[in-house]
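This report refers to the structure that appears directly beneath it.
Labels run A, B, C, D, E and F following the written order; every chain starts at residue 1.
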Amino acid sequence: MKLLVINPNTSQFVTDKLSATVSAAADSGVKVTAVTGRKGPPIVGTRAECAIAAVEAMELAVEHGQDADAILLGISFDTGLDAIREVMPMPVVGMSEAGMLAATTLARSFSMVTFGDRAVPIYDELIAHYRLSGRSAGTVSLPPLSLQELQDPMLIVDRLAAKINQTAAQNGAESVVLAGAVFAGIAPVLKDRVSIPVVDGIVAGVGLLQMLHQLNTAKPKQGSYRYPAAKTLTGMSDAMTRHFQELPD
Amino acid sequence: MKLLVINPNTSQFVTDKLSATVSAAADSGVKVTAVTGRKGPPIVGTRAECAIAAVEAMELAVEHGQDADAILLGISFDTGLDAIREVMPMPVVGMSEAGMLAATTLARSFSMVTFGDRAVPIYDELIAHYRLSGRSAGTVSLPPLSLQELQDPMLIVDRLAAKINQTAAQNGAESVVLAGAVFAGIAPVLKDRVSIPVVDGIVAGVGLLQMLHQLNTAKPKQGSYRYPAAKTLTGMSDAMTRHFQELPD
Amino acid sequence: MKLLVINPNTSQFVTDKLSATVSAAADSGVKVTAVTGRKGPPIVGTRAECAIAAVEAMELAVEHGQDADAILLGISFDTGLDAIREVMPMPVVGMSEAGMLAATTLARSFSMVTFGDRAVPIYDELIAHYRLSGRSAGTVSLPPLSLQELQDPMLIVDRLAAKINQTAAQNGAESVVLAGAVFAGIAPVLKDRVSIPVVDGIVAGVGLLQMLHQLNTAKPKQGSYRYPAAKTLTGMSDAMTRHFQELPD
Amino acid sequence: MKLLVINPNTSQFVTDKLSATVSAAADSGVKVTAVTGRKGPPIVGTRAECAIAAVEAMELAVEHGQDADAILLGISFDTGLDAIREVMPMPVVGMSEAGMLAATTLARSFSMVTFGDRAVPIYDELIAHYRLSGRSAGTVSLPPLSLQELQDPMLIVDRLAAKINQTAAQNGAESVVLAGAVFAGIAPVLKDRVSIPVVDGIVAGVGLLQMLHQLNTAKPKQGSYRYPAAKTLTGMSDAMTRHFQELPD
Amino acid sequence: MKLLVINPNTSQFVTDKLSATVSAAADSGVKVTAVTGRKGPPIVGTRAECAIAAVEAMELAVEHGQDADAILLGISFDTGLDAIREVMPMPVVGMSEAGMLAATTLARSFSMVTFGDRAVPIYDELIAHYRLSGRSAGTVSLPPLSLQELQDPMLIVDRLAAKINQTAAQNGAESVVLAGAVFAGIAPVLKDRVSIPVVDGIVAGVGLLQMLHQLNTAKPKQGSYRYPAAKTLTGMSDAMTRHFQELPD
Amino acid sequence: MKLLVINPNTSQFVTDKLSATVSAAADSGVKVTAVTGRKGPPIVGTRAECAIAAVEAMELAVEHGQDADAILLGISFDTGLDAIREVMPMPVVGMSEAGMLAATTLARSFSMVTFGDRAVPIYDELIAHYRLSGRSAGTVSLPPLSLQELQDPMLIVDRLAAKINQTAAQNGAESVVLAGAVFAGIAPVLKDRVSIPVVDGIVAGVGLLQMLHQLNTAKPKQGSYRYPAAKTLTGMSDAMTRHFQELPD
């Protein structure tokens, strides 16, 4: 299975971390390629930045994903997921989507854990978009991370563990999904320090894609995820323009 | 009041129609400017095309909207609305958002009416995004429009009237919102031929923006619609890059 | 446009405040008439008092609204709204309905702010009746107002600002709707003291009615808001009896 | 137990039917009094008519219910229920509320069955007000009744049975609640002709009140159903004015 | 009316308490039989224990309920309710179901009160299963009970009253349902010490069954509560095997 | 990975089919054991039968699952899932749970497809239990299967394909989950005959468990899925009694 990992943030260190976590989690037969955004902010964190990253994720998908068997979106807002799922034929999942779905099979409720209160309603909207609000015990946040913490999240393991245990005790959260590509790989460190399961959305995403690859379902020919009609886009990159021109009926 | 109308479709005839409807509906003191997308498909109709149009709408907003008092999104998927509302200080509304809000004050339920079954779940998601599903009697669709019908919707007034009356009688819809910028201005023709109120989202949008202009509320300094932190974007247009660099604290 | 403002509370000072705020907010061509309840409690604050006020609001509407172009209900429970909307042909909106709709276009969530914990579930039911619970961050309350504070709400601006900022920080509310006709006009004073937009439902209501007047939709001929069949009421006022006798087919 | 049955319709034949059904269903120790509305339409059928009937129901409650142990609202819109429950100390239930609650203990879903499509959304709102939409399989309607059918519903038993069986087979309704005080007593005739349980809300209401009488809970001293503060109403009947003046703390 | 009370806990002292409360609450003509579980844990408290108790409750129903007119499940998880309702012809209610339905007729919202945080999400799921989440102000818990407290709940009346008053004041709960068969009979002691109505689900259940007995509806012949097709079970008790073999068409 | 497949139906041919499908879908390193119910009906199809099967599934889990790394419930009602997840330490998933989660990553909505209208509300409750109703386009049913069709579902491929295409076209379902362990393995045959993806819950379940095995999260120590306190059960099998006696703290 050829797996394309898309990091639409323009920060290479995030891609490196994603790549390492994906490679460690994937089956031995999986060939991993990871690509980084060229347009947009270093780390996506707001609605407007998500809009920019969605197109960049789609650009990366059509440029690098033509022969991929599966695509993993390595950004915790799952930015661009619906768009890529529509225009590409293979399974596509977002890391938070995968993390939440996994969490629902471990316990009754989950909390997303993020950094900075600003993103809380955005994650709540993402949860609502997946219609999973009924399983959410509420998104919780720690103070925003410094650049150093962003690059080395082990620095904040203590605060993270304390927050998770508090969320379990006070909010009744029965599991936790870590929101943020920079946290790929940190779950095992937390495992013995917290009272509830901690889900790494990247690891979940790899497993979910392997499952979907095995399911081997057909591209929809009906509904809102079938291919758009082929058409000529104005002003887009060559890869995008070609992709839309050659969409099959 | 300076009103910027954004049509992120790349079809000028849509802008012309929007411009005429807006000018007819706006108060005498309103100065209207209407701009057209330069990137993307002629008519946006799918999830992926919406993603492209969202960034284009944001581009148009930061390029043309710096001294606007209000922004109206003239695309029935309200594409880019949340992003623009975040990065700009003035009121911003989408034509379908406005149409639905108006419809809720006229009767108990509304149906969006669109063309082609493909967009039905996308409108339903938009309705759900606004948390208005409880007021929706279900989105209904007529067959997709030909290019000729798209440019002259009067050709399909008979079918539209019949569909609206059927939706009222069978689905219990108590009002209708026309989905599609190309239908700007058609509501008065339907008025006497149908049993329930027909809302033109463009006219509603103009009125809603005039109301918000009068309300004169402050740009949020808290929550997910406050300005993002200023930052340097990579690979974006000059207007976007400058806008993000100069975001106030 | 002839605008009838109905205050079904029996307190004239509330009507005076409403009248001033409406006149300041309305377009220059709007002719404002404001009327006060003759039956019921001085200030409506409970379910039973709302039931009484609903009929009184309807009485005022049929008596004074025959040649109005639009009706604004100046009571924050929007008491009688559905009834008046059914029996009258012109647009009718409630001040809280208008305030909430405006708030949803400014940010993701709103909180109603009221006085006394008793009304909290009643506002929550009103929000649910409009199916806007998904946009509510919860109704919050300050201690009940004294008669002096009721007549001069500027006395409690400090407490109000503090409560709003706390609601934004702790509950994640992204905007606020002031519940209470007595607060008409107070929003501008709060604007610079709070972190999120504050919506005055009266100003919003005026704007919404101007928008609906422009939309100029037809009275429903189908559904639950078409006219009732003409009938003879027993024991009601002359105005009500005549209105119901002369309802068109 | 002294049971007051309130029919806020101004039609005595409805009261007579209610009275007979209540007396047949009540325990031997129950003393039944039934009263009829003096103000409003003969048969309440719309939102505005409900508003009028709500105050009339409250008038009847404060005038005739001072020494009652329980109050049953004999109108299928449960008009005035919340208001009476607030100002009176004894249990108060509506016939549709009781019918729906009973239906939820017999099967998974219920359908209200009414006459005329106009009331369908009003019943759906009532169901939603009770937060029972998740148990509703949808309200269904037969054509409006003639005056003769209204007075002798046995005339339409065939159509009613056919509609119920169709609703069970096509909509998946697992039980039915008859909406309309005029249908009190018709359920036994339907029992062997339909495939699902048929609930008579009047009989259910009597049983529910007997249960609440046995529960013997206290009048709330907290929340939105505690007594309003005593106050002087303007322009209301002597009974209402006295009742509000003498409300306990 | 012959009333079978099923306690699927294997603790006889719970049955004794249930039996006393039921007998005190039931009409004079009701003949009460109460039976105790022979399989499973002494006191059911978890999901797995509920699964065991559900079958035991069903065993007790088919063994002892053949000539009963009504069945009351005396376990606050309402364990086995849906199963028994399906295979038996007479009305069957659970004590928490009955308590919640009663509570909704007394005020706007209820809180279940339980002991130990573990059961909170299980009660919330039960509430959601009945689709009553919209009326719940949240399940609250006190510390788990000691064996002594379990057998003599009067020991914790002070803590219980304090918790109820706190839940009313802070969470806005307008009534309370006691979760736990061991609390049968404690409500009258709490009545004057708390600000909101306290519902005893056992008393409510008796009244609800008397109401359903009076309603005298037919066993469904359509939908998910009609009898299963007769079949031969493997490895079950004689009573269960015979019951399933002899199920009517 | 040692994978235990539990078929709580007492029909060996179902286990054989499950076993073949699981073995074909699992990674090469997975060791599959499949066990069959000894108590209950041949094919579980009703609420009461589910209650019986839940305990039998739990019996099989504690008897055969002590050294398993993962457990797959091979019954489309996911019977016993919550109970087993509570008392066992390894990942446990149900085939319908897995199928639905997979379906949500392929398109916007899914329909469960079952046989016989009786199970439709039971599946809808299962979907609601997972809080996935917002992704369901409604459960649809074909006529009940004969014993021959049950054992050889290829006989009904034509009807199944026609139903799926109809559900896509008329109900807007964007994917389908096959409900019924007997349909394991039939999805590839349908793939080219239908317009939307068809998910085999067994294949999805294998993949989901492989993902959860890789995630390697800890057994909850907090919340409703932590182990029950150790206790002595009465009257249960040796395996169950021992398991509950030895539950860790």
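Convention: a contact is a pair of C-beta atoms (placed from the backbone, for glycine too) under 8 Å apart; a residue touches a chain by one contact, two chains touch by 3 or more.
Bear in mind that the values here come from a model prediction, so they are computed numbers and not experimental data.
By the document's definition of touch, common neighbours of chain E and chain F comprise A, D. Taking shared numbers over all numbers used, the chain A to chain F interface scores over half, which places it in the same class. With centres taken as mean Cα positions, chain E sits 52 Å from chain B.
Centre-to-centre separation between chain D and chain E, using Cα means, comes to 27 Å.
For the pair chain D and chain F, the distance between mean C-alpha positions equals 44 Å. In chain D, the positions touching at least two other chains are 108-109, 120-121, 125, 128, 134, 172, 174, 223-225. Counting only pairs that meet the touch rule, the chains in contact are A-B, A-C, A-E, A-F, B-C, B-D, B-F, C-D, C-E, D-E, D-F, E-F.
Interface residues of chain A, counted against chain F in their complex, comprise 25, 27, 91, 93, 97, 101-102, 104-109, 130-135, 168-169, 172-175, 187-188, 191-192, 194-200, 203-204, 206-208, 210-212, 214-218, 220-225.
Per the touch definition, chain E reaches chain A in the complex via residues 117, 120-121, 125, 128. Contact residues of chain E toward chain F in the complex are 10, 37-42, 45-52, 54-55, 58, 80, 82-87, 118-122, 125, 128-129, 223-226, 228, 231, 233-236, 240, 244.
Across the interface of their complex, chain F is touched by residues 108-109, 134, 172, 174 of chain D.
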